[in-house]
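Next, two complexes with chain A in common: one pairs it with chain B, the other with chain C.
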Partner chain A sequence: MELSKGEKLELEELTKYFGNFCAVDHLTLTVQPGEFLCLLGPSGCGKTTTLNMIAGLLEPTYGRILIGGRDVTYLPPKERKVGLVFQSYAVFTHMTVYENLAFGLKIRKLTKEEIDKKVKQVAHILQLEDVLHVKGGNLNLDQTQRTALGRALIIEPAFFLLDEPLSNLDPALRAVMRVKLKQLQKELSQTVVYVTHDQLEAMSMADRIAVMNAGKLQQIGTPDEVYNKPANKFVANFIGSPTMNFIDCSLAEKNGHIILDAGDFTLDVTRFGEILKKETCGPEVIMGIRPEHIQVSREPVKNAIKGKVALVEPLGTETILTMRVGGKEIKTLLLGTYRASIGEELYLIPNMDRLHIIDKKTEKVVV
Partner chain B sequence: MDLRTQKKIVTVLRYAILIPVTVILLFPIYWMFTTSLKPPEEWTPTPTNPRIIPTRITLDNYVFLFAPFGVMETFAQFRETIHMPLANSLILSGSATVLALIIGTCAAYAMSRYKAGGEFAPFQLLMFRMFPPIAIIVPIMILYSALKWLDTAHGMIVFYTVVNMPFVIWLMKSFFDDIPKDIDEAAMLDGCSPPQVFFKVILPLVKPGIAVTFLFIFIMCWSDFLGALVLTYRYWFTLPIALSKYQGLFGYLYGPMAATGVIAAVPCMVIGIIIQKYLVRGFTFGAVKR
Partner chain C sequence: MATVKVCNLTKKFGNKIAVDHLSFKVSDGEFFCILGPPGAGKTTILRMIAGLEKPDEGEIYIDEQLVNDVLPADRDIAMTFQSLALYPQWTVYDNIAFPLRLRKYPADEIDKKVKEVASLLKITHLLNRTPVLASGGEKQRIAVARALVRSPKVLLLDEPLSNIDALLRLEMRGELKRLQTELKQTIIYATPDQLEAMSMADRIAVMNAGKLQQIGTPDEVYNKPANKFVASYIGSPTINFIDCTLTEKNGHIILDAGEFTLDLTNFESVLGKELYGQEMLMGIRPENVQVSKERAKNAIEGKVVLVEPLGRMTVTHIVINNILLQAICPEDFRAEYGSKVWVKFDMSRLHLFDKNTEKAII
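Up next is the complex of A and B:
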C-alpha cells in the first residue's frame, strides 16, 4: 500500500480556557512533515488538552490549527484525518482485530475488497496477521497497542498523535517499543506528535522536543539543545536524571575577577563576564550544574569544592554520589563503580564549560 | 488444633448454615409446583398429614385455568380462564419493557456522555421512583380517568414505561459510565458521527447491560399488582390480578392459584435462560478493573 506521507501541522496562538483556568496559553509551534515531535511536560501542563484540540475533540478558545496549510480549527474530528493512539489504546473489545482495523474504513464506506486489501497490508506492517481474528478483549498489551496503531495507520492520517502510548507497558517492553515506534515512523515517513511526561522517551525518540509547563511552551529544540542549552530553570530541571543541581549564589566582582559565591564555596566565573554583563544579570543568581558534569577527586585540586559523602547509590554502569557541602546537597553521577564510604571527604570538580547560571528573578538561563 | 481439622470444622459449619437456608429459599417454589399438581382434597395440609409429597398427581388445576369444563365442578362459580390476563401481561410487560429500554438507554447515554440535564438529573429521576406507589396511584387514576386511559392498553404501557424509566436510566448509565470516554473519541476519529458512535460502538459494548436491564424491568412490570388493580378492571387486567381472583368469599382455590403461579414464572425463566450468557457478565460489569 502506498501510505500517504505525513503532512505539516501548525499551531498558531492556540489557547484553551476551562472556566477561568488557562490550560493552554498561546501555544505556537510547527511540526514539519515527517518530523517526530515530543510534547514533554509534567502531568497537568496542557499536553493532552493540546492533543485533544488538534484531534478536534476540544474546541480551542482562541487560535488556529492548520494541517497541511488547511485551517481545521473548527472541523469535526472525522474531517481532519488525524490518527490518534490513546493512552488506554481504546481498542474495541467486542470486535476482532480485523474488525477493529476495518472499522474506520467501513464508516468511510469503502468497498469490501478495498477494506480487505488495506487491512491485510496494515496487519503485515504491524505483524498482526496471526491475531487478525482474535477479539480485541483477548489480546495482550503489546498486540493491543499494535492494533491501536493499526487503527490510526489505516485511515492514512495526515499525521499521528500518540498520547503516552508506552506508559502502560513494563519497562523492558517499553524500551523495545521505543525503538520499534521510531523505526516505523521513519520507514513510513509519518509526522508524529508524541505526548509524554517521560523525558527519557522524549530524548530517545524525538527529532525535536517541545517542553511545556502550566500551559506555556518553555522551549522547543532538538534533544541536544534542550539538554545542553536549556532556556530556563524549568527545562533545566525537567530534562536529565538525576536532576540538575541548583545552588543559590550571588555574583561579586573582586580584583577584576567575577566570583560566584555560594556561601560555602566560591567559583571563578570571569570567563562568562561578557555574557553576564550583557544580560545585566542581577547579583542574585542560581548556579546549575548536572550531576554528570561534576568530577570527583580524592586529592585537593584548584577550583574544587570540598564536600562529605552523604549517600552512595551504585547503579552498576554508574554511581550516584550525594555530597554534603556545608548546608547544601550536591549530586554527582560517576561512570562505573565508585567506591566511597559515607562521611569521606572528597573534592568536587565542576566542568566549567557545562556550568549554567540562571537569573533568580526571571529564571532564565543566562549561561 | 491443626489446620486440617480447622478446615473440616469450617466446612461442616458452612454446610450447616447453607443447607437450611437453601431449603427455606426453595421450599415455596417446591410447594407452589406440587400444589399445582394436587387434587382439591390435598390442597391444604392437615395436622396429621402435612402433604409434603402429593399422593395423587393431576393436571386438573391447569385444565381449570385454560378450559374449565368437566373438571372441579364444585368450583364452577369461579370459572374464569386466564387466556386474557396472560395475553395482557405478555403484551403490556413486553411492550413497556422494550419501550422503556429504548428511551431509557438513549437518555442514559446522553446523561453519561453529555451530562444531559445536569449533574443531578439521574439522581432526581431515581428520587421520583422512591415515592411509594400507593401514594401516587390514586392521583394517577384520576388523571387517567380524565384522559379516558383507564383500562386501556396504551394507558398501561405508558404507565409501566414511565414508572420503570428511572431504573433503566440508572442501570444503563452505570454501564455507560464504565466504558472509557476514549472509546467514543477513538470512534469519532475513525470517522463516526455522534449517533454512529452510539449505535455502532457503544451499544454493542453494553449488550450484557441491556440484557440484565431487560430482565429486571420485565420482572418489575410482570409482577406489578397495584397499578393493574387500580388502573384496569375489565379488559386489561393482568396475571397478578387474575391470580387474586381465585381467593374470595367462598375460600381459596389453592390449586389454580399455584398453577397460575407456575405459568407466571415461565416467561421470566425463559428470558433468563435465553440471555443467560450475558447475565453473569452483566451482573459483574464494572466490578472488574481493566
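Up next is the complex of A and C:
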C-alpha cells in the first residue's frame, strides 16, 4: 500500500441549527493538504457539531463540505474516507491489535489476503509489528494510541479527524504523546483536523488554529498570530495562561497627546494615533496586556505604574505576581523566582509594543 | 489556630502500606501542601489527622496535645472532600450553617457567622438558593465556607480544585491563598497538581507510594530536589534526564553521556573518588538548556524534532542521537523540523543523581 498523502478539506458556509439554536453559524475554512489544523473553543462552541458534520454523522442545515475538491455534504460516512479517532480511542480490548486493524477492512468486505497485506503495512508504519497479537486491553497508552491511529490509517483516509485524543492522559504523558503525534503527522504528510478545548495543546501542535465561540469562527491563524494578534477580546482571553489583563479605560486627547485613562493610571498611546483614528474606536475601550509583557521594578521608573503586591505565586520556571493598582488587579509573569512580600510597593512597566486596545462595544482588537 | 505534628505515622490496608513512617510538623498559620500522584497516601494522611482513620503506628499532635484517641468531633478540625458532599436539597445557607447547628450554636450567632463567611467567600448572593445550580467554583466556595464557618483549629482540604475547569482553577488558587493569608488559618492541603502546590504552599511535603520524599519551600523542592522523583514530579515542562557515567581523566572529573562529555571538576568537593566509574543520571531543567542555531565552542550538536510555540515561550524538542531534550527558548525562536542546533547547559543549575539510589548528589 502506497500511503496516500492527506487531501484538502473545505467547509463552505457550514451551518447547523438544532431547532432555533444555531450550533454552527456559516463556518467557512480550508484545511490544506498535509496541514495540522486545530479547531479550538470552549464547550458549546460548536466544534463537536462541526466534527460530526464533517464525519457525516450529522446533516448540515446549510452549506457544503468538500474533500479533495469533491462535494461530500450528503454522502454517507463510509464513503467520505475520514479517519476518525475519538477521545476514548475505542480500541477493542478483547481483540488483538491485528483484529483491531483488520476490523474496518472486514466490514468493507476485502479479501483475507488483501486485509493481511494492509494490516502488515500499517503495522510496519506505526511500529506495531511486535504487538500485533497482543490484546487491545494489554497495550500501554502509546501502543493504544498508535492502534487507534492505525485503524483510522488503514482505510486510507483523505484526512484525519481527531476528537480530543489526549484528554484522558495525565499531563506528563500528554506532553510526550503530543510530540509523537505531531512527528507521525509530519512524517506521513497527513491532513489532520484536531478538535480540542485546550489552548496549550492547540498552540503546541497546530500549523493553524481556528478559534470558535458560540458557533462562530472568531479567528483562524498560526499559533503566533492568534497569540500575538488576536482578532477580538474572546480570542485574546481564551489563548494564553495566565490570561491577558483587561482594564476598562477611556481614550482622551490632551495637548496633542492621546491618553489611555484607566482611572488609577494613564498611559500615553499617541504612537497608535493613526490606527485609532482610522478605526474610529472608542472613547470607551479595554486595554489588554499579557502578564508576561509587564516588567517590574523596585525603583520608581518614568511612566511606570505604582502598585502593591497582592499575591505571589512561585511556579518554579516562572513567578506570577498579582498587583493591586487602585481598585484594579493586574497580573505579571516574571521568569524564574521573584521574591516579593504582600503589600510591598512595586512599579509596573508595560511593554508598549505588546499593548492591545480593544473597542468596548464591538470587542474587536484595534491595536 | 494551631500546630499539627505527626510522628512515625503509619497506615496499612491489608498488605499495602498506604503511609509509611511519616513525620512532619505544620506551624501555626502555615499553608502546608501534601503533593503526590494518586496512591501517594495523601487522603489517608488527611483522614488520620481528622480522626476518620486510625493509624497503625505513630502519633498525631494538635497544639502539642496527643489526639490519637480523641474523637473526630472533638479535634476541632474541618475537612472538605474531593466530592464536596454538599446537600443538594438544602439551601446554601443551611449547608453552611449545618456544622454550627450540629454543635447547638444559638440562632443569632449562626446567622452572623454564616453571613460573615459568605461575604468573605463572595457567595452572599447564593445563600437562599440550593447549591444544585451553582457553578463549579461556587460549589467549591460553599464547601470551603462550611469548613471555615466554625473557625476550626486546622482546615484540611482534599484536592479541592480538582473538579473545576482550568481557568477557574487558576482564579480559585489565588483566592484560596489570599484567604489563608488573611485569616492566618492553618491549612493542610492535599493535591496531585504540582503547580497548585508550588503557587500556594509555604512548604510542600512531596509523597510517593506512602513515603515522604522531601519537605521544603517551593523554592527548595524546585531548585534542590532531594531525589529523582521530586525532580521529575515538580516543574513543567519536566526536567530532562540523561544517563551518564562519572570518570576521571588527566585530573579532570568528566561526566560521560556517550554522545557528549561535561567537565565537572568544579564540583570536586561533592564528587568523591568512590563515585568514579559509577552510573549517574544527569538532570537539567528545560529553562537551563540554551539553544543556538550557530555552532559555538563547547556546544553540543543536536537536531530539532518539534517546536512548540506556546506564546510567551517556545519549547523546543531536540535529539542528540538517542538523547531527547526539551529546551525553553525565547518566544520568537523558530526552527525547521530536522534542522541542526547547538546546545549548552547552564552548569550552575545541573543536577546529578545516583542511578541506583536515585538520590541527589549535586
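Keep in mind that, in the parts below, the second predicted complex is superposed on the first by the 360 of 367 C-alpha atoms of A that agree within 3 Å, B and C clash if a C-alpha of one lies under 4 Å from a C-alpha of the other, contacts with A are read in each partner's own complex, and residues count from 1 in each chain.
The rule is simple: contacts are C-beta pairs under 8 Å (C-beta built on N, C-alpha and C of every residue); 3 or more make two chains touch, one makes a residue touch a chain.
No experiment lies behind these values; they were computed from the predicted model shown.
For the composite obtained by superposing both complexes on chain A, the positions of chain B and chain C are free of clash and fit together. The superposition-derived angle at chain A (between chain B and chain C) is 80°, Cα centres, a multiple of 10. After overlaying the two complexes on the shared chain, residue contacts for A:223 are found with chain C alone; chain B is out of touch. With both structures placed on the common chain, the touch criterion links A:158 to neither chain B nor chain C. Applying the stated contact rule after C-alpha superposition, one finds that A:183 touches chain C and leaves chain B untouched.
In the superposed model, A:320 lies in contact with chain C only, and not with chain B. Contacts of A:294 after superposition: neither chain B nor chain C is touched. When the shared chain is aligned, chain C comes close enough to touch A:310, but chain B does not.
Between chain B and chain C, C contacts the larger number of chain A residues. For the three-chain overlay built from the shared chain A, the minimum Cα spacing from chain B to chain C equals 10 Å.
Residue overlap on chain A between the chain B contacts of one complex and the chain C contacts of the other is empty.
Remark: chain A residues 171-172, 175, 178-179, 182-183, 186, 198, 200, 203-205, 223-224, 227-228, 239-243, 290, 292, 310-311, 313-317, 320, 322, 333, 335-337, 342 touch chain C in the complex. Per the touch definition, chain A reaches chain B in the complex via residues 55-57, 76-78, 82-84, 86-90, 92-94, 103-104, 107-108, 151-152, 155.
Partner chain A is touched in their complex by these residues of chain C: 166-167, 170, 173-174, 177-178, 181, 195, 198-200, 218-219, 222-223, 232, 234-238, 285-287, 305-306, 308-312, 315, 317, 328, 337. Contact residues on chain B toward chain A in their complex (touch as defined above): 180, 182-183, 185-193, 196, 200-201, 204-205, 207.
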